[in-house]
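Look for subunit A in each of the two complexes below; its partner is subunit B in the first and subunit C in the second.
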Partner chain A sequence: MFKVRIRMEVLREAVEIISTLVAEVKLTVSKDGIDAKAVDPSHVAMLILKLKDTALELFTGETTEIGVDVEKIKEVLRLSRPGDIIELQYEGGKNRLVVSVGKITRHMGVVDPAGITDPKIPNVTPPGVAVVKMDELRQGIRGSESISDHVTLVLDATGFTMHSEGETDKVDLHIPAASLSRIEVKDAVRSMYPLDFFSNMVKSITSSEEVTLHLGNEYPLKIEFQLAGDRGEGRFLLAPRVEED
Partner chain B sequence: MRRATVAGSVADRRPVGLLTERYRPATLSEVVGNGAAVEALRRWAAGWAAGRAPPRYRAALLSGPPGVGKTTVAAALAHDCGWGLVEMNASEARNRDAIDRIAGRASVSNSFSGEETYRSARDGGRTLILLDEADCLSGRAVEERTKSAPVGLRDFLRGRYGTVEALRASWSLASPKTPPAWTSWEEIPQSPGRAGWAQLPNARRDLELWRTPVRARDSSDRGGLAAIAQLVRSTRQPLLLTVNDETPLVRYSPVFRTSVARIEFGPVGEADLRRLLGRILATERRSPEGPVVDAVVARARGDVRAALTDLEAVGPLPDVATQVAALGGRDRATPFADFVREVLEHPRYYRAVEIRERIDAPPDDLLPWIEENLPAAASGPVGRHAAFRALARAEVLLARARRYRQYGLWSYAGEILTGGVGAALDRTATDGALRIQFPAFLAGMGRNRALRSLRRETLTRLGPVLHLSVRKGSETMLPVLFQLFDPGRPGFDGPEAARTRSGLLGAARLEGEQVAYLMGVEPDSERVATELARAEGRPRAPPPPDPEETPLPPRDLVVALPRESPAPPGAIPAAPPVAKPRRQRILGDYDPAAEPGGTP
Partner chain C sequence: MCLRCRAAQMLCGKPVCPILLRHEALLRTLPFGAGREFAGSSPPALFVGRYGYPKVSVGPLLSSNHGDTLVYDTPEEWVGRSVAEVVGFRMGLIRGTRPIRVTEAEAPGREAEELQLLALAAGSAEAEATFRRPPRGRLTLSDGAPPTGPSAPIERIRLEVGRVDERIDRLYRDGHASARTAVRELYDRKVPVSRIQKALSAGTLGRRGHRRFVPTRWSITAVDDLLGKENLERVRRLPELGEIRVQTLEAIGNRWMVVRLPGAYRYESIEAWYPETFWNPHPSRILILGDREGFRGRRNYASIGGCYYAARLACSEAMQRDGRQAGALVLREVHPGEILPLGVWNVREHVRATLRRPARSLGDMEELLSEIGRFFAIPVDRWVPASALLRETRVQRRLEDFAPAELHPSA
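So, the complex of A and B:
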């Protein structure tokens, strides 16, 4: 049982981020905000997302876990306009989520949260850290997409490099250390990741101007970002490709 | 739903649940039977665990009959090796796209196995990718479009509207002044050309529909085998495929023969099965009753899952005799497989006939076996054709024998079925590679036995009410009943439909199980309870109508019920018959003068 009011832009970004990995998600809704954890079906990528209480316009009720079909929420969002307030109301007994936006009320069935895997998030601490501007990252991804299906991220004293190599072509995005607002690296680190995941993740982050990339050697990538200003935060984890010699 | 099992979770022995779940082996050492196969699997896995270079066979193919533990072994292997497990089973979409997205991604990437610390594949943190029931996939890369012949506009509209009057009404051609005032279908052209009426709003909508080509529905598994064949060569993580029969895979691509470790599982031996059952009975504090265990083991025929399911099913029954009776005693073991192999491998007529005489079974029982295995045995299309002709001849004779009770025909049928088919096969060299399959037809019948008996029971009860035999009811009435009872259909909760249903339920004395069958829901679901309650409360006055609802005129029941109880005092009196119930009102129903705000 709860009732939540949330700005359309905030919900939209959160839903976009979640939908890069899963079709169904378990949300923990409480007075402290909304929490989500997800692992994609191939177990290659993970997400931890938190919307703080300040991201909610209103919360009444008690802490509740619900399973939601992400696509259904997206459908409702398509009906809304920027600036709208979306109201989510859940009655435990009826197992039904009521979403109201403007004059539209949609009743949707929920998914049994017991059927959704609750991923254990591994403790991942990559040694290298770089804070990169989203614009530059997006541009780099656009450049890589036609070249290959994976991307190599390198962090060394000279800066951050995104390298993608196909059979005949290759493309590099190099951001010198001076243009990074933060860089922490001892020895150069380098890992290769599936581009489709990396690209979808970066594209889903829309309100942050910068993201923090944590990098290691053949080690998972950690992308830390904020959403809806500082009213929410999230972390993506992406496992590296298996490299064969 | 995807069982995104993570290694370790299989070890949880929850005190509730089915026996098959509670006693699912968590490690390979607990697996019962198939020792050699399990050992082969271990060796294959060791190739992945040891070093950096992937082993020669990147994938392993586990084949064997159902219920012997192929899927279980996969989970146990992941647990033993400390690997993660990414599983795709037959219940989810497994077309090329889905396989690329899930198994394909997992096959080239490291993954998060659900442990506290992350381990890369290099450090042994591998992910086992399991494609369950891989033989139930289609290899077609592209689904053929159904090429329906183009339909003429006239025929399209006739199919859509039925009568010219309905068409004219829909297109607002009702007034005779609006041309064209069609009166018969023949006046309507097969193509609109540049006629003015094609610009009418409703006509434009219909024309658009008419022009849209009919698309074939997406087959759920198209290109699945192609995607797997590719995975088998390129995966960087251990890949397991399980199949009942490896033929579809091997036939699809030689890669499944050459680049895959093939591990065969067989039925679990009786001794192993007995040991397992004994252990379970001891743990469950159920006394091991010899005859019950005998019957379970005999019925299971090496299928562990079947054995545990049977054991669970007879548990609540009161005494040993009932339990054994429920299990149906020992089936007669007929060595059909060996017999069929001999028939198909010996092209000489009298040899085949002689084999037939050795075994004691009516030719009716042999026919499905021969039919199932014939295509694989024939060396070429000519032999296959000739053999099927012989088979057809035998089948005709069998049908006559049954129909006219002339069982003398059996001897002819039997000879043609064995010797005739064998001789027609034109099989020059026997390589002994013939694998005898259990007839798919019989397997299917076995699987849906419960469903068929439920259908029979439902129709037997409904028979006297509907004046239909079981067979006729199944052919004609069942589809209608499914629609009437389908909770997802619009109008399901309408008073008319509800009354018809409760009338049927009461008259035929249907019970929860049968109602659930008609509704397509679980027997203990709330919907079934609602229906039953409504049927029982029938003689009482119906609940007051919802004030929100537009008061509808009472309607006739669709099905006349023989057990009409006299209306009790206080019930709404039967209304005079209404001309014809109409679901959707049209604007003509409303008198403009009567409407508030209408023209006086």
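So, the complex of A and C:
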């Protein structure tokens, strides 16, 4: 059992990120904060997310694992206003999460955490690293969406390129190395990813100004970002597509 | 464009669909012998139009044959029959019409109530009618609903409904169950989908205060969509099939292939129209059109329309039956043998029939592609670019491909 108080904005940001991949999530709530790991049903994408203790206004109780229906939390968030504090209270025996905001109290059934896939995090270490501004990345995604259902990310000495090609049209976002606040690359690396996943992931990251992309050759992409200022951090993994012959 | 619209959206900007008009004009010359006085039966069946909504044309479908005419409006029984036979069933069905406000379902007048009773009937109903003018001899086509025969405005009608289907009647009397709950319950009680669609269309289901006559075409897709969605809620919790499985069928000018692909649920439906087929009037070009959804389904209406939802319902049933979720791909090749749009039932029942055929397991994607190449007349390199699911399965890697042992602990 536990009791947590958390700012509406912080919870909303975390929930938006989680809901890009799963409808139900297992949370570990402790005095160190809230941890979530999730893999999408097709095993193409994964999320590891942590809200630090400083992201919580209050925690009492003991370390607890609960499974929650993400949509239900969203419903409560829709009832709340910016600046609100949301209180989550869980009593193990009743299998119910009590969520209060303002004068509203919602009792919600929880999901048995044993029924939610607990992904082991694959140890992927892509060789290339680039720190990219979020608004540039979002702009590149908007440019790609009408072109194709996949994007190719390239990192080489000249900088970072996001390339999208359809039957007749193509679009490129190129950020020169000098404009990247960090770039690490020996040999050029290049991978193709499904755009719907990539786009949803990037769009769900709302408060980071920059993200760190880890990139390899036909290799999973790692996106590292911050949330709730520096009081939370997350990383997405996304499996690549191989180029058609 | 015609294939995309199918007289539903009037994309060409003309007030009347030229394709439907041409075919109907050809059929208008067919002689039809009925006068103003009519005696016969209703399968039972009714038709609710969509033009002029919320004031639409509603009426029974009537056959001049007496006795049991149930099969004329039971598409579940049409699989294995020829186009001529199905058209034969439908051409003899006179469509009585009367303008009715859809909200009249809530507090029906005598005639609206008789129509509702018709939707509850367990068997065919004897009918007598006087039309305002003799029925005009033609076949009315719609892409959603099955074709109907001549139509005439009704002056007076008497329907003799014998026994009602108690399963439907119970929900008709229950003013508290929502339309969703009612549809689901009827389906669970093994009421044929075409009957549920009729009951919904007649405004006999749903909460009191919310009942409406629903245009036949909308009702068909609403039921397919709703039942498919509910089935898929359960399918998503099933273990994965984990292999490539293929079933095929050839029927009335269509070749059908349903493929199940490894991985979690997702769905795609692709139609390839030969030149000179109904919705593809072009003399030489093949048109391929499709739509799809991922694990969590879709929010907006599928571009290929009602067929998408009908085939999805059939797939969801098969996955539940097999207790395994999978990526479901429905491929349909339409040959010139399909001379008329027969309605969405054609898709639902033939995909169901395909999924009852013996299944073959295939080793890998290459084997699947050569199977597609063998079965269809349209070459495989036209199908692959049209199918996001095929392309994706070939090229998309999973995370465990990079660290298999770690993603599946102790498995």
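Operating definition for what follows: the second predicted complex is superposed on the first by the 244 of 245 C-alpha atoms of A that agree within 3 Å, B and C clash if a C-alpha of one lies under 4 Å from a C-alpha of the other, contacts with A are read in each partner's own complex, and residues count from 1 in each chain.
Keep this in mind: a residue touches a chain if its C-beta (ideal position, glycine included) is under 8 Å from a C-beta of that chain, and two chains touch if they have at least 3 such contacts.
Just so it is clear, the structure is predicted and the values come from calculations on it, not from any experiment.
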Mind checking the superposed model to see whether subunit B and subunit C fit together on subunit A or clash? clash
Who does A:124 touch here: subunit B (first), subunit C (second), both, or neither? both
Quick one: which of 21-29, 165-173, 237-245 or 417-425 on subunit B sits on top of subunit C after the fit? 237-245
Do any residues of subunit A touch both subunit B and subunit C, and if so, which are they? 39-44, 46, 119-124, 194, 196, 218-220, 237, 239-242, 244
Subunit A partner, complex, touching residues on subunit B are 1-2, 4, 6, 52-54, 84, 86, 101-106, 108-118, 120-122, 127, 236-237
So in the complex, which bits of subunit C are touching subunit A? 236, 263-266, 294-296, 388, 391-392, 394-403, 406-409
Which stretch or stretches of subunit A touch subunit C in the complex? 23, 39-46, 118-124, 149, 192, 194, 196, 218-220, 237, 239-244
Can you check the complex and tell me which residues of subunit A touch subunit B? 39-44, 46, 115, 117, 119-124, 194, 196-197, 218-220, 237, 239-242, 244-245
